[in-house]
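Take a look at the structures listed below.
In the two complexes that follow, chain A is the common piece, with chain B as its partner first and chain C second.
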Partner chain A sequence: MWKDLGDREAGKLRPYSFSNRITSDRIASLQLSNYKEIVSPHRGAVNSLQVDLTEGRYLLSGASDASAAVYDIQRATEYEGGSLVAKHKSIFVVDKQHEHGHKYAISSAIWYPIDTGLFITGSYDHYINVWDTNTTQVVVNFKMPGKIYRTAMSSLATAHMLIAAGTEDVQVRLCDIASGAFAHTLSGHRDGVMTVEWSTSSEWVLVTGGCDGAIRFWDIRRAGCFLVLDQSQSQLGRRPPLLECSTANKAPMSKSFPASQSVNVRSRAPQRKFAYGNGSKQSATGRTSSQAKGLVRQRLHPGMLSSQDRATSHYGAVTGLKVTDDGMYLLSAGSDSRLRLWDIMSGCNTLVNFETVRLQTSKAMQLAITNDSALVFVPCMTAVKAFDVWSGKTAMTFRGHYEYVNCCWLSLQDQELYTGGNDRQILVWSPSRLNFDEMDHGSREEPIHAQDQDNWSD
Partner chain B sequence: MEAIPGPSTARKRRRDEENVPESEDYDEALSLEQSLTFSDTLVALRIMRAQFPQIEKVSVQPFILRSQLYSSVKDRTQVDRELESLRRDKVLRIFKLNTGQDDHAIMFMDDYLNQIERVIKRMAAKKQDELAVFEWFKTHVITSKLEPSIEHQELCSLLSFGGNVKDEHISLLINAGLLTRQLIDPNMYWFAIPNIGSLLKGLSQGRKELLSFLNRRRYKEMMLAPLEKKRLRLSPLDMRFHLRDLIGSGHVKTVHTPTGLVVRVSKD
Partner chain C sequence: MEEESGGGPRVVAISLIEKATNSTASEVDPRLLKSIKSVVRSSDSELRIAAQTLMDLMKRDHAQVRYLALLIIDELFMRSKLFRTLLVVNLDQLLSLSVGFRRNQPLPAPAAVASILRSKAIEFLEKWNTSFGIHYRQLRLGFDYLKNTLRFQFPNLQANAARIQQERKEREMRSKEILLKKFETLKEKFSSIKEEIQLTMDEIRECLDIVRPKDESVPLDFIEDDEMEEFCSSELRQIRLDSLKEAEKVHENSDNKVVFDALRELYKLLVTRHLVSAQEWISVLIRVEVADNRSRDSMLKEFIDIRNHIQSVKKKCEESGCVLANTMNDEEEDFWEEGKIELSESDSFTAANKQSKDLAKASTSSKAKSEAPECSNKESNGNKRSGRESIESDSTSLRSKLLAEAPLMNWGSFLDNWGSKQDVLANQRGLELEGHWGRVDYDAVIPAEKIAELNIQTTVYKEERVDIQPCRAPLSKGGLCQRQDLRVCPFHGPIIPRDDEGKPIHENSSTEEITLDLGSDLVEQLAKQAVKNVRDRDKEETKKREYDKQALKRAKLAKVREHNEAVLREAAMASTSRSEAFGEDLGATNMDKPLARNKKQTLASMLRKKITTKDRLGQKLLNTRVRDETMRQLTLGEDANYREAFPNQW
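And then the complex of A and B:
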């Protein structure tokens, strides 16, 4: 490490690769933290965890007993174990006793992406509440037609502040904080929507995964979805670079781009327009996938033809979605206990086989991915496993929870993993700390040595 | 995990099988311990096809389960990709089985066409007319639709290349066992292997029997060599078939010990 530091100083090692090396080394040495602990005030399963995106300092958790709590993960509230273990208690908790609190389980708690002044909770009592953090009061709430499974806000958004909500109703609703009303309703799914995620490359693209097994991509400026992922469309690994496009892609069906949206009887060919045949950016242009079904059909709006597309991406419900930071790949977890990696641009399954034996099927789960997209953390029953994204092999297994794990969040700033499960605990997994680091504990009153000494010390 | 080479006898053979097997009478001569893993998917498929048990009552061509392939080749991603390219080259077909769990069966194209021939003969023996639809199925549908499922409209349009398609034709195909309706979606059909029903029942029951046998033992494990010689009561498929399947689906794992491989129930 010191040699690397010297190399960086001399210019032999690039700064970005130096910091990447340090972070990936730290992530590879993650283990149950022996110096940091979070005291969870929840009396129900922890369903959702998120560290705020602006400072990386506050952790928000939502639980099944309708409570949501915020913790400061950088400064501990107290120390114990002879000043060796830092305990982080919650800064505040909002639960059923609060006058505007939720009545049933909170399934999703997220921070407002711009700052930590607001947070949004979605619950099984059909309400989405937007809370002011400093006064812990509800400022806006939205009533949904069904239980809310997941809420999401885009971290890239500069032109809108829409909350996307996936509920047990088949329509995805977008709620606008600024006006307090619903902005959009996206129809196309045939069953409840369990997961919603915003794209990391465009503020207008939303990805949703439903209980019908379909994953749909929506551009919210237009009607209908522009892409439905089909698990039988596959490509062998990464897409080849542009120059070899004509021979390399061996998709079985012909690629036909529908010039007109007329209703014709024709044999079903998936309308996959491959991006390297055309230089334009994928998310902005229209790529409607239209299907022709029967001889007699009413004329649908061209954008709504995608609702006829019944391609599934999993054999069961889609329980987890995660878009990589570069916006090129999507990881999806399904109740068929599979994890799939999709190439977003081509809409194909890359056929990477992740060695998952069983995944939780009844609840939605949160996946976490490192920012260089090398490792993905997946809650598998009572353990959290880290898989290598491109080979599918298990890199690490984190066993610590007593019951099923629901959510995990990787804090990229400190390279720490937070996991929450049905056993009401939030566990912290941090890089192993070999030498005692004086700098972090300068704020404590007693010197460390006094604790370590005993009659035999010199 | 690699298999430990057996004692030096006349029938010893190397673990890494780069060469394509010359003859097909390797099955009884090899214990599972020696031939647990292979290097290549196609080699694994051919050898497992050769090791498919002979069943008297049911006439089904050999098929291989996907979980068996996962237990035989180390890298699962490589298995998936090679299966995909073999499927696109029309060397084999993949079928989704309706055992209730996520099972896929792989059958070589020649075997599948043989199976269809047998079905046609059986239907002809029952004096069914309108057998032309099977020919249309073989020539038009199977060669062009390589996925495990097909939509009703597309099926009709592909069959109509042969002749005039009526609903009775589709019912005939379903009665013969070549197509099954999907439970979730009334407009989609799965391709199916005909005459496979009793084998599927044997598959689920054999799995349960083997797992309960191992679970009843004190330490939930057993040495592979004696385990392989046991016979399953409820399943016509042999122990080796079930072991490969359970190892690949992750219910059971193998552990190396100084005395050989041990099969243990995995708790996860």
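And then the complex of A and C:
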């Protein structure tokens, strides 16, 4: 770190790269935080977590006991053990007692992406409530035809204020906060929609994953979906960056990747064969990759192609979706305990083998991905695992929850991971404290730390 | 590098741990544990290896191994920080292996050990949490999860200890406060208390001064001039001196009675109040903790002085003799009087008892066959001997009532402890026959029941005197036969009621009773008569042959039946309890057969307790019938209830 600082001072390192390095270092050192603790007021499983996108300061959580709470993650409400442990209590809680509160479990709670004045909760009681944060009153609500699994708002949107809602119903509905009515009804899924995600590259593109195992891409300006991901259409490895030479700032990382990727692919190809048990299909998909690209390009009437329309991306339901920050790749988790990385451009499965053991199957889950798309955080039963996006290797395992983990959120601003699980806890995983931090407080904290020392009596 | 160099000891650590866990004891071998600790302490790599090994051992499918491993883990956990940091990362795994809270991972085989393992693990977790929880979020999480989500019962050792400590502290505080308060009040009242005590003591001294000078001054010269020479031996002289002194002591008389009384009063006050209070204040002062020790100490000193003073005065009082003795006497007298009151009461009571007993005796001895109440009335009316009795005669009604209930008893020693339900000491007769027949258990007791059993009264059967009716048959020489036979006169046949001339009186009204009483021959006689009657009728009405035959048959049947009945009744009367009452009725109605009557009655009364098979059968039949009846009624009632309770289900 000191070296990087020196390099940055000398101008050897570009600012963006420097900050990237720092953040990735910090993320690589995430561990269960002992000095930051969120006091969960929930009496049910925590289903949804989100830190607001504007300030990066307020954490919103939605839980199965129909309560949603907001915490200030920057300033602690109280300290314990001689300011060793900072406790963050909820600023406010809305629960069943609230006059407009939800009756059943809140499955999704998200911030209004523009500011922290509004937040949106979707619940199993068929309602989507839009809350005013300051007055904690419901401003608008939408009645949906079934249980709501997931709601999403586009963080890029400048021209619309639509809430995309995935429900038990086969149709995805877009609720317009401005008018308080349903703007669109997107039909195409053959079963309930578990998860919805807006594209990070276009404000008009919506990705939905259903219980039928299909992942559909919608352009909300047009009718029908324009892309259905097919797990049998695959491409090996990552597409080489288009402007490799021009994007010199990414050089150190992206340079290393193709090489390692190709190695990975080569080594993995036989594995896949074994895994699937038919090499012919494998080779066929390999051949059709270029063909697929061609198909994707003619976006006009993909819904007409019934063969493509029936494609599935997972065996079973799609439980989690996450688009990388650059909007080029999509990660999907399914109830078949698989994690797949899709190239959005080509619509192909990249065949990265993520070393997941098992995933929770019954609930929608929330994935988190780092800014530079290096690591993806996936709730794997009672633990949260961080996988290398490109190799699928497990980078870190976060064990702390005693029951299934439902959601995780990576706060990009201070590189902290928040996870919520069925054990009603919200855990904070933060980078290990910097050394100079301790040096600063060294003299003061001496007596406290003295407790936690070796104590050999014999 | 390090791994290679630590190759040897690593094996040692692993083998030590495995050896330690490979036992069936409930404790880790302390020597092994010590060596493990010393090995692990020497280097971090050892510790890492040990942690790994222990975690592996925890995964073993045997509760005993896990239990011992857990004990070692606890030992190391409490000591090494590195070990803690290593272990805490996998705390959930450790907990699931030791507590077994996951349903799909229950604890392995020996169930007994598994339960110990679980309780131990919970206890350890609590301990770890209280001592290191603040430094390890994982510990807090695990503890919180087990406690608040799974609702495990933690032993709460620390909390309990703290609570007890707290309680004790509070109690101490309270007592201290009380002491302090007392001290404060003492401070305020100190002078007044002192004054009061001083006052009493002064008064006592004055009293003593009045009493003393006489016995001080007189005897000395008395002895010296008079009889000095007579007592050569010093001992004798001493005795003499003492006796003289004693004689010369001022004794209470009418003149100085007032002084003595006052002295006694004051002495009592001094001993019962001031001395006690002084002692109390001293103890308070000793125990109290106050800021200004000087004042406390001075007060304490003063109080001790006062106490000593009081004691000296007390001694003086006692020396003056009469005071203590008198007070003692007073007390005794009081006591005695009280006792007397009680005694007199009980005396009167016993007297009354005795009187009633006398009465009873009198009534028994008197041959009048009147009932007890009459008798008592008569007695109480008859002899009004003393005033007491006259008083008691006011409550004659009550007395008579009681006497009506009272049993008639013969005089005997048992009346001495009448109605007492006490156990009696078996070997306390007042005779000192120590060990004459061997060892004697002086505490041996005859239980009250046994006594009662021994006191059961023997009653001799006394035949009621009955005057036997004379035969009264007319004799040929004139007059009536005066033979007194029970049933049959040998000369004039059965004894029957006769009028004054000796003619038999026919009483047909109560034929049945007669048949009953007279037995089978009379029945037969009657039957014969009946037959004769029938035959008479036969002669008169010869036409209706068939009818006659039927009548005859009927008559015969009736005869047989009657006979049977009579026999049965006889038997029953002789043996059952019921027959007695029956017989009595009879006795009242027909007095012509009093002899037989009475005899039978007495027989029946003697055999009162006997229950015949017939009775028993009847009882049983009745019982079963009643039982059936009640059962039916009960079920009916239940049905009704049920119908009421669930009308729609019926």
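Going forward, the second predicted complex is superposed on the first by the 366 of 458 C-alpha atoms of A that agree within 3 Å, B and C clash if a C-alpha of one lies under 4 Å from a C-alpha of the other, contacts with A are read in each partner's own complex, and residues count from 1 in each chain.
Please note the rule applied: contacts are C-beta pairs under 8 Å (C-beta built on N, C-alpha and C of every residue); 3 or more make two chains touch, one makes a residue touch a chain.
The structure presented is a predicted model; accordingly, all values stated were derived computationally and were not measured.
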item: Which superposed partner A:381 touches (first chain B, second chain C, both, neither); value: first
item: First, second, both or neither for A:357, with chain B first and chain C second; value: first
item: Partner chain in contact with A:367 - chain B first, chain C second, else both or neither; value: neither
item: First (chain B), second (chain C), both or neither touched by A:336; value: first
item: Touching partner for A:85 - first (chain B), second (chain C), both, neither; value: second
item: First (chain B), second (chain C), both or neither touched by A:177; value: neither
item: Chain A-facing residues of chain C, complex; value: 34, 37-38, 41, 78-82, 84, 89-90, 92-93, 101, 131-132, 134-138, 141-142, 144-145, 149
item: Residues of chain A that touch chain B when the two form their complex; value: 212, 232, 234, 236-237, 250, 252, 265, 267-268, 292-294, 310, 315, 336-338, 351-353, 355, 357-358, 380-381, 383, 391-392
item: Chain A-touching residues of chain B, taken from the complex the two chains share; value: 70, 75-77, 79-81, 84-85, 88, 102, 146-149, 151, 153-154, 157-158, 184-185, 187-188, 249-251, 266, 268
item: Residues of chain A touching chain C in the complex; value: 32-34, 37, 80-81, 84-85, 382, 399-403, 423-425, 427, 451-458
